[in-house]
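So, here come the structures, one by one.
Note that subunit A is present in both complexes that follow, paired respectively with subunit B and with subunit C.
Showing the complex of A and B:
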């Protein structure tokens, strides 16, 4: 569909949100509680905190929950019954106020979960989720979306993108059919869009490294992987907060007669991730695992899936307990600040 | 409605359990569902995820050949949680199976060639599949030589089949056990697989070599073959990186940008040499 622009007056925003909630959709939006900003399920507009730079955790759990039930089973020695999950019960969901980096992350996850065969758990959740993005007014030293082909006003992945313009009103770019469906529910709140230069209303974040330079210089051997990761604790926090990290484990919860099989977040940062029963481990040392993290996102995923596995949200660096900063490392590898 | 669940196993009944060696068993498995049984097809070299509900899944190759229809077999060593739970299962009980996954041995391209199979320890199962596949199509291939070694006589698996291969005039079988692993009655060779191989008169011309075994055996076997002038693209092996999904999503089996579950598990030595040492 052809995108269309509308104006949403600031006084209409609460009605916009609350109409959607009352219409039966689950609505996640950023909230602030004791300095901690996270996406939460909300009921009233007053719970929402839009003046944020970044939430601690990303929105990936909405389409890729930390634990996803794959099926349930009951079994005895000679009978096993597998009970499917009814994907039709997954609710219609709206993510409201996600920044462009988060909105763009679904494309990365989608590439993984549709590679050759489709993961219907992810796809159903994604299809039932509408993203109402919000351009960034501010950034901090950890942000680098402009270095990974995105920008603070990018519409990539947003079904509707809101940008705060003059008088704190919002420019609404309705990008997709899903966006239009939401728009139609609250059409009366919108007005014709004025002529605006959207760029003047988003934060200006210079490009900090060149993606092509980076890809050209990445190599399995001979880089400063060791030095970059010496203080890494292998805690896995970086993957936990990352919107695009999608690795998982498959485990059973229950016993041999009753229980469920689940898919559960996992990460290449942990030594057990690749450990064989024999004790052999192809990625035994942390620098080998740090290398996997960077190479996977900036070399393997572009090569195999045609997407970069990073949207420049900076969450991993903000959350790392020992201040490992991915941006600094990427600048170093790509050969300096451009 | 969407209901294709790629994680959902087929249910299979254990038709037969064979004790191969200490802690090593072979299961013969049949699909409970007729439609699944009819639609199932695989190629030599592929693998599956075998599961015990409540314990989890384990990756094993399909050890029976695609030329034998109606069942599949797997041979596994009891080493950890899932394999221990499997080892406790008896004939008539039900386990889960997802597959087949991965690539395969390109046996059609081997037509008219000699085949040299070199296996060590518990790594015979993937080889057994391709050996029987080729033996079932015997006229397609020239000389077939099998070199198989284990730590001790006790550890040799598929003992009945070894005997069968030994008696076949159209197969040359060489078995060996590590020094100290022999019994008084042992008639085979004594020595490590690469050493035995080195002593044999290997002809590389028009020959495909398939090598499966523990990393240390593979490491010492490749040079022997290269020295005997095998082309690197004519030497095949399989990798066993840890796996969970089997279809390129869980993210743990990759060697550089190569996913063992999708691009492997079968690789040529020429391909392996280009990969980073991450296996």
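Showing the complex of A and C:
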């Protein structure tokens, strides 16, 4: 479909959101509680906090939950009965107020989950999710979306992208059929869009390194992987707040006669990542796992999946308990300008 | 600080140690751990109130062990971590060098583990008023309220294990939560799994925790894990009637004493 622009006046925003909630879909939006900014299930517009730079966790869990039941089983000595998950029970969902970095992350996840087979859990969740993005008014020192070919007003991944323009009204760019379906539900709230230079209303974030330079300089041997990662504590925080990290582990919960198989998030930072049954681990030392993290995102994924595994949201750096700042490291590797 | 830097420089230049672990300025106004292997970088070292990480955590890491002998810039909490780890046989005290200054501004000169223990004993911990008030608030709750409080807190847990990774005393090669044959506790980030994890983490540290608060500070979703440990430390002290000095070098839950006041053990 051809994208179309509309104007949503600020006084119409609460009705817009609440109409969507009443429409029966689950609506997740950023909230602020005890200084913690997180996406939560919303019932009223007043719960929403839009004036944020970044949430701690990403919107990844909506399409790739931290725990996903794959099937249930019942077994006796002779038979095993497998009960599949009914994918129809996955709810229709709207993510409201996600920044462009988060919206763009679904493309990266999609590349992984459709690579060698189509992951029906991810795809069903993604198909049932509508993203209403929000351009960024502000950024902080951790943000670097412009260095990974995105920008604070990117429409990539948003079904509708809202940008706050004059008088706190919103320019609504309706990008996809899912976006149009939402628009049609609340058409009366929209007005024709004014001629407006969107870029004047989004934050100006300078590009801090060049992706091609970075990719050219990445090498398995010869970089200071150890020096960059010595302070790493080997926890999974960076991967679990990351919108694009997609590694998972499979676990059985239950016993020999009854239970379920689930997949849960996994991360290359943990020492038992890729630990073989034999006891050998090809990535025994943290510097080898840190190299895996960077090479995966900036070399292997672009090579194999034609996407970079990073949207520049900066969450990993903000959440790291020992201030491993990925931007600092990427600039260092690429020989960037800072 | 100049004397600390000079000592660190001397240790590296004379090749008595191969790495100095200390603090440097982070990228966001915080202090962060730094590993210095070349004395020309020694001016990066800082030490101030922002240096909260318990650097003892690095002393048992395989990545650090392979570099060689270590000198560590030690806060009081790091000293406690060192004593605990040495007491539990994780390394020999004489195999590390300790950098820092005491409250009189003199360079640390510890000839033995006992001298470190004496020093720690002269500087009793002062828990922050925030920690104490939160602990008392939770204690004053009914059992049901307390259950709800922790359920709510644990519900945010994403099982990143930053609490475990930041703790000097969580040094097991194979943590109980990572063992799946048999699976002792659930690794899943749901209500039961999270409850099991946080109970087992706290219980494994009961009587061993040095109350540095590194777990809570590392938590990306602000679960006040240090309060669980603080409460357990109080319970251990109360029930075993022992001092912090004793706790540092002993593990009361693993000691047999014929004079134990409990009858079941006799």
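Basically, the second predicted complex is superposed on the first by the 337 of 338 C-alpha atoms of A that agree within 3 Å, B and C clash if a C-alpha of one lies under 4 Å from a C-alpha of the other, contacts with A are read in each partner's own complex, and residues count from 1 in each chain.
Just so we're on the same page, a residue touches a chain if its C-beta (ideal position, glycine included) is under 8 Å from a C-beta of that chain, and two chains touch if they have at least 3 such contacts.
Small disclaimer: the values here were computed from a predicted structure and weren't measured.
Touch counts on subunit A: comparing subunit C and subunit B, the chain ahead is B.
In the superposed pair of complexes, A:235 makes contact with subunit C only, with no contact to subunit B.
With both structures placed on the common chain, the touch criterion links A:221 to subunit B but leaves subunit C unconnected. In the superposition on chain A, contact is made by A:251 with both subunit B and subunit C. Look at A:270: by the touch rule set out above, it reaches subunit C but stays clear of subunit B. When the two structures are aligned on the shared chain, A:284 is found in touch with subunit C, with no touch to subunit B. In the superposed model, A:300 makes contact with subunit B only, not with subunit C. Shared contact residues of subunit A with subunit B and subunit C: 249, 251.
Interface residues of subunit C, counted against subunit A in their complex, comprise 26-28, 30, 32-35, 53, 57-58, 61-64, 66, 158-162, 164-166, 173-174, 178, 180, 183, 186-190, 217-218, 220-222.
Interface residues of subunit A, counted against subunit B in their complex, comprise 70-71, 73, 75, 77-80, 82, 84-85, 87-88, 112-113, 115-120, 123-124, 220-221, 246-252, 254-259, 261, 263, 266, 268, 273-278, 280, 282-283, 288, 292, 295-296, 299-300, 303-304. For subunit A in complex with subunit C, the touching residues are 34, 36, 56-57, 66-67, 141-142, 226-227, 229-231, 233-237, 239-241, 249, 251, 253, 262, 264-265, 267, 270-272, 284-287, 317, 319, 321-323, 325, 328. For subunit B in complex with subunit A, the touching residues are 1-9, 11, 51-57, 79-80, 83, 85, 92-94, 96, 215, 240-242, 244-245, 247-252, 254-257, 259, 262, 276, 278-279.
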